[in-house]
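You will see chain A twice below: alongside chain B first, and alongside chain C after that.
== the complex of A and B ==
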């Protein structure tokens, strides 16, 4: 056969293909599906399917009912968050005692005994070790509680019903109902929330869920919110209401985050993401008793350990940087002081200060070390008593002592409110940024997801600061 | 300058307003500059060719004034382009009206091919909304090279029709002729199939879309007079102004051509009712269509409602023993035959 023949045949086939028309493909696919289902109907014998549908239908009627659907959902989410935040306190403080109060001095004295020069000792143990230990102590317990609880709910089959109930709200902002789940997962850890968006199979909605996940206040940020609300918000109201006021302030910030999530989902789906393919479907699998130990095991390994490992990998260099900028001096000031002086003007415009901005820059790897870094830098800059030395992060057991340091650093109620806002609205931590890159495989979307919240944070804190200064 | 909160707020809002004017959708300076940049000779020539082609098929004669009035380019540039086109033997001037030469006709068909293929591409492979297809294709048609167009065509499986029902010319310029009549001219009590929905002018097209009228659906006209056209389709009733109905082309069906009667949309199913699926509407496209087929929404399958939503939408449908939640706009694109309650 010569090539001329082949070309003719190809031309003929294209001609015929065109003559047959568009319907051909659809009809073929449809008839294959139809045939397959007919064969199944004829040959597969199903045993009495009535019995196994009864219980499911009953549970479904309750969890998706008009009256009970939403209260049940809020109660369960609230319970999971409460268990996580309260329950994590004890193991966290235990880990902090072991890693920070016992092992850290031990390592330092060992270093001195071995004849390490002061800079190596400081760099390794005050910088790298302390940052890693901090992240483990703050991050591990809540994650070890939150993820297994969440996975159990998922395994039981309840979570798809949440997506089903919530879909209409998310649809209005161009998102998928399952984003309710990835958002809740973000309350535990944004990196895990981003990974969880795999359950959304529509490309556009998945990108929306990934980019807006950072608006869920994560585990690393809850303690910051609680601490600042306790010190500053609780102080403006009468003593007896102070804990209620600070609680409401923290919940308010979390709800504000949800509002931002909806707003940006809507804005993204109407602008840059409108060309991405969008489909919707949601399977509601039957309920089943969770496989308890297997679930605990896999959620610990798959979610907790992987996220923790990445966080440690990123925290170690951050610790090194924090120690270095506080100890390397140019002229008569350390690098950190130069940076703070430089950032102070911009910080003031936002109702913040240079210390806070620098802390957020060096603490990109982990939100957990923002407060320790702020305390250390404040002590260094103001020269007040307290702290353990340049570049050594610390936290104080007593809230009043912390408050004293912050107030000495020039903090007002406005500063506290804006730090709470900025803690909600800033770039995701580097673990999350890396995860976003891995999940989207696109530099463009990674940059969008990282920059968007910071810009929102700048604008919001700026506006709050100006309006505050005009009226108060 | 000293800092005061008021001046800084004023500067901030000043920047916001500036950005707004630069990036305002469609009217902003940024888009103006962008369109200036794209306004090349090629674009103008191709737009003139297209315009002449469309008018030639409907036997209108086009003079220079018609062109300068309709096309959105400066008059001097249009005249210049017309001269250039006559030099290149794309058009000729006969009794003050322009005619396409065979070369010009071929060129025009290739532009139309690019336009319709790109609309098909947007409908199948992207998530852009229907209302944007036309405008995007208007810009893209000038950017595609002949190889691009052929690659696009084979990627899409050499489609015959664009998503509005317009025929796509082949590489060699062959085009399916479509016979049909405007919906506004159909007699009462006729049954017909919608074969084309015109996407220009924009205002009327958006009205048709808002009514949720689907391409290739079967309609039964029940009232047709100078004030309104009323027809039934897929279990719903539609009322259109005659001018809007004029933009919908239908082909009249003989009674014997009717495959199915009593067609309804899945979205109209009530709790407790069951139905048999007839098929997916042609309006369900691309990835969504394949997903629905994968889930078992195929001809002959039985479907019922499993769960209602506390917020009304989506509803969960029971299909092949599995509960699948679908949104209302998806369910509207699944055609069913309700099974009577007796069974």
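== the complex of A and C ==
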């Protein structure tokens, strides 16, 4: 390409720019708008009196009002979670019965009959298969309920109203109002939330949105929260209130996450990411009745299955790793035992234990497998008779069985609360970390976004543990 | 000599709808590139899904699509690559998603651009439409969400609109598959040169400015004989758009890297 000619074009344009003067931009914009309104005048007939926009405006007046805006948001979040908690219970235990009680023993005996050596049998069926089966049993039912409900809300047009309601809070914390949309996406998946920050045009505010997206409780962590709240929080109150109590606990954690997001947005915008808050236009689209069955179908097939597939892909190798570290021994202890003993002291300070910390290291690829990993490691350390030996993800057909294992592992109410907190406040999964790197193109900000939540998690769990031990 | 007259059925878009094959993500060796452009939340991704059989994430809020998605369909034995672009209010990009859209419309040289608009908010949408018509010669206006416009008692005279804009206009409701066969037929006609557009160019520009624009765009055309949007580039250069100057310098405008 001849650069000399290009320079000539640019020089000519600069010369001409002087000639035509400053109002060129306004002239052009005016011409466009004049053209547009002339065209509409000739082609569109509107009957404003009969318009449905009035109904939309009426709904908006309520759902975005100062008084009702936030209660309605909380109510909707609560309803979605309640349906998820209640609805997921039965299919979960059914899946566990099929996958763990029936298929697993069948696979093992088939392996034995085929003459597999013990280590191959264990590695394949006690490691890889059980990890996958567990993830399906724990993850699939809540996802299959949560995602379609969320998608229905999205199709209806509620998300922009959430953004509208929260705009003021974001402005006060020095962040962009559209962060409400990326935050909502994060409730599904943090990696998706990070990609969605592209709608924020100021680089400063976009970075804030990326770094704090992890405080949106993602779909890999909802089941952890729901399970622990059901077992431990629900048990504190009389039985008739137990599902209400666990519901409130989960909502509390989600809101705490939002609070942390605001706090860190504010802290970042006051320190390393100083700058003006930019203004923007947000369209409130008309409410559209969702195409119900189509939405259910696509959100099941696409979002649920894609996320589940990802969980399975990560669970299989994790299962292998768990089996290996529990069966390879150095001296008289397995690798896992060494690690757990090593981490136990630090874990105690945080009101957690070595098993939980090790599980979070193993589960960096996917949050979904934290609970299965914890259970399996606990079984191994406590030596509860599962009958099958080291590194076996235990056969659990009900929530009670899970509770028994955790309690045998020394869990108290404090442990459960701190695991719920730590599940909210720890590093993003590896997919999200990689996405952050791709979006920011910066090692520095990727490290910040990965480390910041873990530090917050250490501090919060440490403080909760100390205060708990002093007063309770 | 046999003079074969087509029956009324054969010329109808619904008759030919059988010739549509949704190719999903298979987009290698295509005959035409078709871009989907338009304001945010007008249903571009829904149109995209209806044509390709893919299931791009759709939802009722502006800003879902932030990257370029590609899919394919085959119609009457010709293969089309369809590119779903993030929504944008104008071609003066500010955020990264809008830049993706602008760059593709400007430099991607699509054979046909489908401009998707919200039928009940036509005036606001026309701002972008008129800007795109400055750039491209082959476009069709997809008057989407027509069901919503009808519900709100908004009537649009599509024939006059087509005449005013100089491009074909197809009313659709992509969510309910309405108008999709007609849209495909029109895209195919445009791609094969059976319909020629006379896109409306922005009028009412003061004389002295028009003269400068002409001088500059002639110079640009001399440098890049194949360029179809020299007038728009001249507009941008006169406004001192640094991104366009950069694109000129790096040769992005001339090469076909998309």
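Basically, the second predicted complex is superposed on the first by the 249 of 472 C-alpha atoms of A that agree within 3 Å, B and C clash if a C-alpha of one lies under 4 Å from a C-alpha of the other, contacts with A are read in each partner's own complex, and residues count from 1 in each chain.
Here is the rule we use: a contact is a pair of C-beta atoms (placed from the backbone, for glycine too) under 8 Å apart; a residue touches a chain by one contact, two chains touch by 3 or more.
These numbers were taken from a predicted model, which means no experiment stands behind them.
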By the touch definition at the top of the document, which applies to A:34: first (chain B), second (chain C), both, or neither? both
For A:5, decide between first (touching chain B), second (touching chain C), both and neither. second
Go through the superposed model and pick first if A:302 touches only chain B, second if only chain C, both, or neither. second
Should A:17 be classified as contacting the first partner (chain B), the second (chain C), both, or neither? both
Kindly classify A:204 by the partners it touches after superposition: chain B alone (first), chain C alone (second), both, or neither? first
First, second, both or neither for A:45, with chain B first and chain C second: second
Contacts for A:101 in the overlay, against chain B (first) and chain C (second): which applies, first, second, both or neither? neither
With the touch criterion stated at the top, can you tell me which chain A residues are shared between the chain B interface and the chain C interface? 14, 17, 25, 30-31, 33-34, 37, 201, 282-283, 285
Give the list of chain C residues in touch with chain A in this complex. 40-41, 55, 57-64, 66-67, 86, 94-98, 120, 122-123, 126-127, 130-131, 148, 151-158, 160-161, 164-165, 175-176, 200, 202-206, 208-209, 212, 215-216, 219-220, 223, 234-235, 237-240, 245, 248-249, 251, 254
Under the stated contact criterion, what part of chain B meets chain A in this complex? 3, 5-6, 8-9, 12, 125-129, 132, 157-161, 170, 279-280, 286-293, 295-296, 298-301, 306-314, 316, 320-327, 330
Listed in rising order, chain A residues that touch chain C in their complex are 1-3, 5-6, 8-10, 12-14, 16-17, 19-20, 24-25, 27-28, 30-37, 39-40, 42-47, 50-53, 151, 154-157, 159-160, 178, 181, 195-196, 198-201, 282-283, 285-288, 291, 298, 301-302
For chain A, which residues are in contact with chain B within the complex? 14, 17-18, 21-22, 25-26, 29-31, 33-34, 37-38, 49, 60-61, 64-66, 69-70, 164-165, 167-169, 171, 177, 201-204, 274-285, 348-349, 462-463, 465-467, 469-470
